[in-house]
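A, B and C label the chains in the order they appear, each numbered from 1.
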Amino acid sequence: MNELIFFINKVIISGAVLGSIYALGAIGITLIFGILRFAHFAHGDMMTMGAFITFLLASAATALGLGAPLPMGFMLLPFAMIITALIALGLDKAFYAPLRLRGARPVTLLIASIGVTLMIQGLIRLFFGTKTRTFFANEPKDIFRIDMSFLGASRPIVITEPQFLMIIVTIIAVVSLHLFLTKSKFGKAMRAMADNADLAQLSGINTKLVIKVTWLIAGSLAAMAGTMLALDVTLKPDLAFNIILPIFAAAIVGGLGHAWGAIAGGFLVAFAETLAIFNWAILLRPFRDKLPDWIGTDLSIVATEYKLTVAFIILVIVLLVKPTGIFKGASS
Amino acid sequence: MLIEVKNIIAGYGGAPILKGLNLAIEQSDIGVIVGPNGAGKSTALKAIFGLLKVSSGEIIFQGQNIKNSLPDKLVPLGLSFVPQEKNVFTSLTVHENLEMGAFIRKDDFSDSLDEIYEMFPPLKAKRHQHAGELSGGQRQMVAMGRALMSKPKLLLLDEPSAGLSPRYVIEIFEQIKKINQLGVGILMVEQNAKQALSFASKGFVLANGTNSFSGTGKELLNNPEVAKSFLGG
Amino acid sequence: MIKRAIILYLSLFVLIIIVGLFMGAPFTVRLCVEAAAYSLIALGLNIQWGYGGLFNFGIMGFIMIGGFAVTFISVPLNMEFWNSDGPFMLLKVIIAALIGAALIIIANKLPRFGVKGAPHKVAQIIAWISAYILYRSQIDPAAAYIEENSEFVGGLGLPVILGWAFGGLLAAIIAFIIGKIALGLRTDYLAIATIGISEIIRALIKNMDWLTRGTLTISPVPWPVPKPQDFQAMGVDSLQSFLYARSLYLIVALLLLFITLFLIQRAYQGPWGRMMRAIRDNHIAAGSMGKDVKARQLEIFIFGSVLIGIGGAILTSFAQIFDPGGYQPINHTFVIWVMVIVGGAGNNFGALFGGFFIYIIWILSEPVSQALLTNLSAYFELWGLGAIPDIESRSVQMRVFVLGLVITFALRYAPKGLIPEIIHKQKGDSSGKG
């Protein structure tokens, strides 16, 4: 039984947490692709930026002596989301919109987003240095232990408070996004524009406004994903740059331009990763005595250092077998 | 006059495709543009709708010069355009497609929705299906319905009968007549020239970027020269 | 246009002289050697992007491959390894890998024997999984054994130049594999795919301690010319010895750079270059004209990667240390892109200029921003705001910001670069790169 608990802790919970973060990041990428038709490379750094903004707010609040029932990072997340969304809007106005007006090709915008990536990274390091920080310097990171002794297990299921909260927050975000996209006028206009931008323009849809709304949503979700990642592990300047590959993989697997696909893709990539680095020998432990020696004690599919390859291999398989993604994307 | 196009020259950057086009229709009219392939029929509609640059001439819509105005300005004025291809949002439901047509409207448009469903009964049954799953004829209905949702005074249709089976062609033409009777001016481009001219109140024969003949539909049909050169005898 | 290029190159020369006056000759020669290597890499990217329109965001991976290759070839033999069971175990790994490859090939060829559809797919998947298990069953104990008994496999003790060539060869092999998989993809997918591959190459080289010593680094990596220490042994004083040795190295690097430039310039003027431009500017038309677009693109991708690999090898032997932890996408992928975009994609002289110019700016921006921040810090203290902490590490980061700013400004105000591509007759369409 303990082995199963271990599996739940290492695969199910970690996968759900990682999946939430990938999904929120991938939604932003997929929305931007759907509306603006370019791969927004700076998205990872928008996530990092959001995390640092939350951190700044949280530090300020702590310095003012404010206490909170929940981790400070979660309490101040809405404000950080608003600030990041506005910055995203500003980035578009300053760097992408002029290129768009000139009629530049998507590739040019992609390269411009690399420039934006470097600027954000440079600024973050300039102001915060390269050191690793934590949100939990002044407050405890609560850990919930769910006793499983009634099932005959001696180990509990372990989930930290931020992990628990971030799964809840992701569910709220995804449901609200779903309602926005299917019920509101602007949500539908966004889907219409992702589907057929020319026809959207012909119908009199205010495409400029739709672009703005897209940046606001993508920016705020990026702040959310980045903050959650920083709350789960630690805060550092290359926080999200390191996971830009799995996030893009998630968006592409789900079909670029397809918001629900991005969510599914995020969880798919996350669970594939946690399953691949899980040491399956642990599940065999109860039968250890009956098994031959050659099976060994390390049966993980890939070593933890190569976690990145999992996302990549999924990406390559999808691109080769079904380039439009598992769900039909706007790129088709 | 609802719309007057005076001597416009337009093209895609290179040599102009429209070399002095003139046409004018009333809100009660069904205007049909016919002519050989490559004469610039579709280009004429796109030029009116601001989709390509008009280098000279005038386009007057209800007394306003709308030359080179963009769609987001034209739709509120009362123009609507149904392109020939890719004219529905395939991943949106029929209902959502219609709603997108009413994007610019601030008022309650549920009446208009009911009217459209009444006009195109098959759409009502399929209103929660994705438009991409519909047949060609039903897509054309969705496209026209979407364009009507903005309550236009003038509807521009680019080959509404293209790719439809003969049965559907008749049906679509019937709908167009009905729409016109409800007080929407129609300006359309058609390949099925004879059929379209038979119910057109104004016809324009376009060749080499200018209109070589204009008149009522009947006149053009009965004009031996038009019949010989453009209507296949 | 030619006048502009000459002026730019002259100002570059003046810039180098000024740097020499301020920073001293040995530093400047070092700067030039590294700039020459980076220019070679920039030429490689220019071939891929400027000629072929192919996106490569995985430059770092190819630079690392070049660095590893020259290290492996030129570092002395590790007798501890050769006297242990290690070689035998590695032989077994190779055999296992070959059997695995054979399994996969057989599975791929099954349709010829009438196995099609779902059974074929299942067979393919089983083949891949068995091959992987087979390989892992041999490599894991071999790696553990080598790391325990002899640290790593060591090098081959062969001449450095051979190592540079091997860097190019290894890069070509990897480029072939990547190209086969990824070149058919759309541009943005290709960008993601190449960045993924370079991250995987980095993860592999960093963690295959038995082969590369991983983060423990390998040094000293030999030089193709006498090192400063050799000159010192001959009685030359320390400062002079650095100048002599580095100058010799610079001559070798520049020679290689100019020969390469001459060759690709000639190829580009010829029918090969015309075909490449045709393919880049009009994919579909070139394809319908019966030109094998995919094969040509693969060719160009490999060719560019070879130059990148050689450049990476030159850098590693010059640094005398192979440190897998020292490779960063910013320093080894994006900076190259800036070189090509600012210099002028599609023009070799532009890429060459960009390579030297951006590298010098990149290196000098650190002391310059340090001086700036120090001054600013003094003012801050004067105004009672307190000094700026960690000026040194901050000024290193400043240049990352500057690099980003340069990219976005270049795209906006000089999208064709400082020395733009010379457009030959073709329909006046220069939209090859937006």
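Convention: contacts are C-beta pairs under 8 Å (C-beta built on N, C-alpha and C of every residue); 3 or more make two chains touch, one makes a residue touch a chain.
The structure displayed is predicted, hence computed values, not measured ones.
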Please categorise the chain-chain contact pattern as a line, ring, star, complete graph or other. line
Among the chains, which has its CA centre at the largest distance from subunit A's? B
So what's the Cα centroid distance for subunit A and subunit C, whole Å? 30
Chain centre separation (subunit A, subunit B; CA means) in Å: 45
Per the C-alpha means, the centres of subunit B and subunit C lie apart by a whole-Å value of 56
Residue numbers in subunit A touching 2 or more other chains? none
Subunit A touches which residues of subunit B in the complex? 49, 70-72, 74-76, 81, 83, 86-92, 96, 99-101, 103-104, 146-147, 150
Using the touch rule from the top, collect the residues of subunit C that touch subunit A in their complex. 55, 140, 181-182, 185-189, 191-193, 195-197, 199-200, 203-204, 206-207, 329-330, 334, 337, 341, 390, 393-394, 397-408, 411-412, 415, 431, 433-434
Given the complex with subunit C, which residues does subunit A contribute to the contact? 33, 38-39, 41, 95, 98-99, 104-108, 110-112, 114-123, 125-126, 129-130, 241, 244-245, 248-249, 252, 298, 303, 305-306, 308-309, 311-312, 315-316, 319-320, 323, 331
Would you pull the subunit A residues touching subunit B in the complex into a rising list? 185, 188-189, 191-192, 194-196, 198-207, 328, 330
